[in-house]
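Paired with chain B in one complex and with chain C in the other, chain A is shared by the two complexes that follow.
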Partner chain A sequence: MEELINKLKAEIIEVLNLEDISPGDIDAESPLFGEGGLGLDSIDALELIVLLEKNYEIKIENPQDGKTIFFSIKSMAEYITEHQAA
Partner chain B sequence: MMDVYIKGLGNISPQNTADNSQFLDKIVEYDQNNLQVIHPVYKDHISPIKLRRMSRMIKMGIAASSICLDDAGITNPGAIITGTGFGCTGDTEKFLYAMVENDEQYLTPTAFMQSTHNTISGQIAIMLGCKSYNSTYVNRGSCFEAAFQDAMMLINEGEANDALIGGFDECTDKHYIITSRLGYWKDRDIKNTDLYTAGSSGSISGEGASFFAISKDGGSNSYAKIKAVNHFYKPDGFEEVERRIQSFLEANGHNPDSVDLVVNGLNGDEEGDLVYHHLMKGALKSSTHTCYKHLCGEYDVASAFGLWLACKILKTQTVPESVRVGNAPAGQINTVLVYNHFKSSYHGLFLLESC
Partner chain C sequence: MNNRLYISGHCRIKDNRVELNGEPVFTQKDSNFSEFIKALYRDQQFQYSKFFKMDNLSKLGFAASEILLRSIHINVKGSEVGVVLANANSSLDTDVRYQESIKDKTNYFPSPSVFVYTLPNIVIGEICIKHKFTGENALLISETFEADQLFDHTMSLFKDGKVGSCLIGWVDYYLDDYDAALFFITRDNDKKTNFESEKIKSIYQNWS
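The block that comes next holds the complex of A and B.
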């Protein structure tokens, strides 16, 4: 899980062009959207959906699940692990 | 048409032009035919959160517009109008490559949004919260003139009191290779300062983002009064160019002898430059002549750099040695004509007066 979390951090930094942020600056349990975390927005959410599809072959069928899956890096990693095991 | 005044400038180019307090104090020299912009510190003009999603071209455009509006003291312009030959070329390439590489799957929204020609005028409007008229002209070598003309008509018709106008284009590596194959550029690398003496076909490639804030109200801080803008396509020889320039001047209360200074679009291409030499020896022989494409290179909206040069000359009453063709002007510079053509097809004219 730790390895996947670090990989996700690096991928998110690259895809979202977070120039001044390094993987060590991101708390895996902090919220990705809104105050108190990375402060991502709806366009970033679309980029993350594409990232899951392209890099992990996971398609989110129910848009309502997005809020839970993309809450934090850790929740994303858990979702990926769960789906890859299935 | 009523006079309008140029109140602010923002110019990001291959020279140090982003700082409005300077005026070509030291020329940047290049040893290759692909002149690229000198980037300002973007964080001084754009918030880091917005900056991270912006591509190179968008950063250039947004920063130039921000410098321009600050210079003019305008916070919410009555119109935002831009001109671009190719738009955000880098983003378009990125998006198209992603389509091919991923078999039209996994297309990301950012590259798509940023690959349209009107991305920059839209982004400026979003950043300013400006809901006024917003348009982008894409008619290649005269798109900047068309954008300027549109803004002047809006002000003339009372639709806006002021407007932000910009011309921008970028030259990516791929764009440079493609246009090289089309014979746009010189075969061998030259120094940009040798552009007019290299004596061969083709020019040197350039890029930039130049913005202008215009207003119906003058004032002591105005750069120039803009009398008129005109553009025409594929004239039938030098005589027609000369005739059109004379008509343009006469329609605006001038004649070739009353033009103190001409900003010429000479670009070092032997054939393309013939028309400028024809005018310099003919109808416009009594004016002081200047040129600028050794500073910014050739691109679809290079005339915007020429207009910037004209504004700075009128405001400072200084003609830097680096842009002179021949001698410095003898007296006061009151009237300036900017004449440019792109690939001998798109011809543009600006007529300016001092304030």
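The block that comes next holds the complex of A and C.
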């Protein structure tokens, strides 16, 4: 899980052009959106959906699940692990 | 009310050089646009992380507007500040990049963050969001810098009472070839440079 979390951090920094942030700056359990986290916006959310499809071949079938899946890096890693094992 | 209009300041970014009111601000030789604009961001301490998410056209316009607007005291409300920009290549640089990302149907992953910049007036939006400008705006397309066109459009906004100040100019980017020339037009005559078509034309052409 730790390896996947670190990989996700690097991928997110690259795909979202988070120029001033390094993987070490990101707390895996902090919220990705809103205050107190990375402060991502709705376009970033769409990029994360594309990232899951492109890099992990996981398609989110129910848009309502997005809030839970993309709550944090850790929740994303858990979702990927769960769906790749399935 | 003073009905005369003045150029409060102007900024130019071209050939890896930045000038504010004709004075050098920043230069970085032998680098491509990406390296140059990043170095300018650091040097001028923009501290606006969204900058790195912008496309090249928006980065160029945003950087020129930051440098220019920092030097100016705007004494009208944001709702009275207009933005009128022009360019030759519209958003073609990003359009091409987006097309590249979708042309292979077997590897089809359109990027939402690239797609949102496939309109030329997004650069205006980025400037307006940063400075809370909500006045009239327009993006005009012409093959070359046309001072008369910019002048006429800007004058009509002032005459109709649509704006109290206006950021105007040229912001063009395509394949690492770029040019930004912005002017801030106001009723304040501190600088005593009259807003005239010939004046903005001569400022634009006076670049060596």
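The criterion applied here is as follows: the second predicted complex is superposed on the first by the 86 of 86 C-alpha atoms of A that agree within 3 Å, B and C clash if a C-alpha of one lies under 4 Å from a C-alpha of the other, contacts with A are read in each partner's own complex, and residues count from 1 in each chain.
We adopt the following convention: a contact is a pair of C-beta atoms (placed from the backbone, for glycine too) under 8 Å apart; a residue touches a chain by one contact, two chains touch by 3 or more.
Only a predicted model underlies this, so the values are computations on that prediction, with no experimental measurement involved.
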Inset, instruction - After aligning the two structures on chain A, examine chain B and chain C and state clash or fit. - result: clash
Inset, instruction - Considering only the touch criterion stated at the top, classify A:43 as touching first (chain B), second (chain C), both, or neither. - result: both
Legend entry - Partner chain in contact with A:67 - chain B first, chain C second, else both or neither: neither
Legend entry - Selected from 183-191, 255-263, 309-317 or 327-335: the stretch of chain B that, after superposition, runs into chain C: 309-317
Legend entry - Intersection of the chain A residues that touch chain B with those that touch chain C: 16-20, 43, 46-47, 50, 53-54
Legend entry - chain B to chain A touching residues, read off their complex: 48-49, 51-53, 102, 105-110, 113
Legend entry - Residues on chain C engaged by chain A in the complex (per definition of touch): 38, 49, 51-53, 109-113, 116
Inset, instruction - Would you tell me which residues of chain A are touching chain C in their complex? - result: 16-20, 43-44, 46-47, 50, 53-54
Legend entry - Contact set on chain A toward chain B in their complex: 15-20, 39, 43, 46-47, 50, 53-54
